[in-house]
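What follows are several structures.
In what follows, subunit A forms one complex with subunit B and a second complex with subunit C.
Showing the complex of A and B:
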């Protein structure tokens, strides 16, 4: 039973990687022949390459900004008490339980009436922040609540300002949490398709949007090659994350 | 708290400064657009009316879309639960050093975009794909049959996409169950199966409900998998909203359908929060 479940979970990913090496003009599994021609085709296609760099830039920007905004908010929510704190925390976390598509539609209608953010990349970035910030909060709130405050207070008693004590004493403890939050926000933004489809411009189409369009058109082996490269990238990221966590 | 003081800046101001970027982001790009979506959905007939909702609820085609999405949610939840529970149980109770690696492999698909994972199913499901050919081989379906564009195909693909989430939810709950309770039941004469039924499943009940609600909510509102595997004739809520917004440009109607989807998600989210609270107090 467990073996079959594993096969069901991972089999399709294996199939797509295997099919991408097929030396046929159409997608087939098991693959026939062995060739890298679809990888050459994928790398020669400007749409995929451009999409990859757009996604990288988008994911990187969203991850960095989410980490800054989210961690600052998490510190405020865990270190200070003020009226409405529980409500603000619930509000900031709520995009995680709402369908991405509803966020995308609401933002599309909103930007059409109020173009407060320039179209293209800036719109993609701010809309991804709506999920990136809650992801960072979900990681950082429990981490910050677990931190032992007594060491920080000791540093303050020895003359450090509250800010310096936080930077010197608490921040090193937060590093694994910060790394996890950064990775989570990056992967979300890099893999997200709904908001990207609604809010991106044709010129700034992230890789997921290019793939979505290509997958709808036809069973193109180039899509399988790009998908396989993305699976490889995900594998590398997972291994890197594990190595970091076990250090 | 130890916030004001030596630097001379009042704590309230520091807190406000730290919260300001997130507060601005959420006020302008979350609260305002969600409110706008709702207002747009009740804008006809002007100035306030529910014509768009009547149009949705009164049209058998759109009601069919709603029923289809809810049915998808139920089917995907059942499949992920049936496959996910034994898997989560195994992973939670394994004492081998491979357990960590197996858990990692289980969650690996979550690192890959849903577009890629859905495309993998398209490869298997199209007319000469392996899965479709196997079905054709049984003779139960016509020889040009393909799973793309079928409800069954979407259930199979979406359940695979969401299975890691179900397993992770159940895993966390099963890990939290005290094994001594099972042993105690067996010491009192229960067979392992009865102990499992009386103790483990009962204690995991909160987790099962929480995981089911989460997967149900994600299935009902899923977009990429239903639209790719479901093909051009995919009658699901998210796909319909997409068509109304970007293709037919009927925004008040799109807003109304989105609001209905939002309402479903909120009901599920509130029950989820309540159940999780109950489950926690039960374990304590």
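Showing the complex of A and C:
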């Protein structure tokens, strides 16, 4: 049963990875021949390379900003009590339950009527924050609720200023959560397609948009090679996070 | 007790209000150097709020706190010279035992070799040898408690604050630990403020007890004083067990028990001061005759306590009289009648009661 589940979950990935090594000029499974030429082609293709760096910049910015805003919001929601706190918390988390396409269309209409953010990368970053911040909040709220305030008090009692107490005692406790939240926001932004399609510019297209275009236009094994590289990247990040969490 | 000159810690009219509710109402208290004073009372009496005001975590609405003659009322917690042991211990989960104990010394900029030396001395003093490199979660409850104590004592604070430090230990460990802590406190001459809701604990290890109720300090005195001469009805019933009689004259309690007392008021009769006869005293017709300072009733419950026994006697007026005596008391059969007596000297007038 476990093997079946495993195959079901990971089967498509195997197909893509296997197809990427095919020696044929078209996408096929099972692969025929064995070649790395599509990897060479992918890495030589300026569109993919550019798309990768755009996605990296986008994901990095969205992850960093989401972490900052989401953690600050989580601190406020867990440490201070103010009227309407539960409502604000629900409001903050609501973008998570909306389909990406709905958000993308709504944002396109909104920005068409109110061009408050310049188009292209800035607009895409602001749009991704709409999901990135709730993701961080989702991770950090329970983590912050588990912080024992008396530990911070103990640190102050022993001579640490409130700021130093937070750095020395609370932060180490939050670190695994912060790391997970950062990774989650990055992966979301890096993998996101709908908003990137609707709101991104053609010149600065993220990797997902480039891939989407390529899959529609040519469908050669380069697409599979790029996808495999992305899978490898995701795998590396997951392993890194596991290693970090088990430390 | 307002001789603030020689006192180490002085609470001067200390009060804390939250909106219209008063958590602590103008408490005056002076703790002498090397003295252990317990803040004793039921939950919500303001004892923890008082302690947290001394530590700096709660801002007083009124009054002053003096530590070694210095006014620390408005100082932030990290600038006060107080070492606190938290009820939850609040050990730093990511630091080892040695690092937990060293934390306060490092904040004070103590040089490294001296930190190591003082930590080692504290580890030895608290018998934590071999556990220095463990994390708090790898320790037993008793060991965690000792680390919490060590962490607070190693900085040589002007005052030690203990917030229910024994409440998370099981009964057997609790008694041994509190004797150990008392020994340490006496040996090191630590000025200590100790919050507890457990009257037996407070009596066992305190030099003086401050009994608090509803935010007010009801009585301040040695354990003997508060036990033998409670100032109020609350103190009498909170510390030890009490039979209380309200008398409007010098002959009877309100519920009809014949007393031989100097006058009206509320009178305290401790259960261990009552003597129980083997058999009821018999009058001419075999009927019980109750003179003053004696009573006859039906034995309702007996419990054997090991060192002695307790019995509850239901008197004709409806009162349940608690009696404590030798273990033989436990042999009484519930349902039979028994007569008890006491002397005039066993009754104590409670002055603060009208």
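Things to note:
Going forward, the second predicted complex is superposed on the first by the 235 of 247 C-alpha atoms of A that agree within 3 Å, B and C clash if a C-alpha of one lies under 4 Å from a C-alpha of the other, contacts with A are read in each partner's own complex, and residues count from 1 in each chain.
Here is the rule we use: contacts are C-beta pairs under 8 Å (C-beta built on N, C-alpha and C of every residue); 3 or more make two chains touch, one makes a residue touch a chain.
Please read all numbers here as calculations on a predicted model, not as lab measurements.
After overlaying the two complexes on the shared chain, residue contacts for A:163 are found with subunit B alone; subunit C is out of touch. Once the two complexes are overlaid on the shared chain, A:173 sits against subunit C while remaining clear of subunit B.
In the superposition on chain A, A:219 makes contact with subunit B only, not with subunit C.
More subunit A residues lie in contact with B than with the other chain of the pair subunit B and subunit C. In the superposition on chain A, A:230 makes contact with subunit B only, while subunit C stays out of contact range. Of the two partner chains placed by the overlay, only subunit B lies in contact with A:79; subunit C stays clear of it.
In the superposition on chain A, contact of A:198 is made with subunit B only, not with subunit C. Of the two partner chains placed by superposition, A:64 touches none, neither subunit B nor subunit C.
In the superposed pair of complexes, A:154 makes contact with subunit C only, with no contact to subunit B.
Under the contact criterion defined above, the residues of subunit A that touch both subunit B in one complex and subunit C in the other are 153, 156, 161-162.
Put simply, subunit A touches subunit C in their complex at residues 148, 150-151, 153-162, 164-165, 169, 172-173. Remark: subunit B residues 1-3, 5-7, 11-12, 14-16, 18-19, 21-23, 25-26, 28-34, 36-37, 40, 83-84, 86-87, 90, 104-106, 108-109, 111-124, 126, 128-130, 160, 163-164, 217, 220-221, 223-224, 227-228, 238, 241-242, 245-246, 251, 254-255, 258, 261-262, 265-266, 269, 272 touch subunit A in the complex. Subunit A contributes residues 1-2, 5-6, 8-10, 12-13, 15-16, 19, 27-29, 68-70, 72-73, 75-77, 79-82, 88, 91-92, 94-95, 97-103, 105-110, 112-114, 116, 126-127, 129-130, 133, 149, 153, 156, 161-163, 187, 190-194, 197-198, 208, 211-212, 215-216, 219, 223-224, 227, 230-231, 234-235, 237-238, 242 to its touches with subunit B in the complex. Looking at the complex, you find that subunit C touches subunit A at residues 55-57, 76-78, 80, 82-84, 86-88, 90-94, 103-104, 107-108, 151-152, 155.
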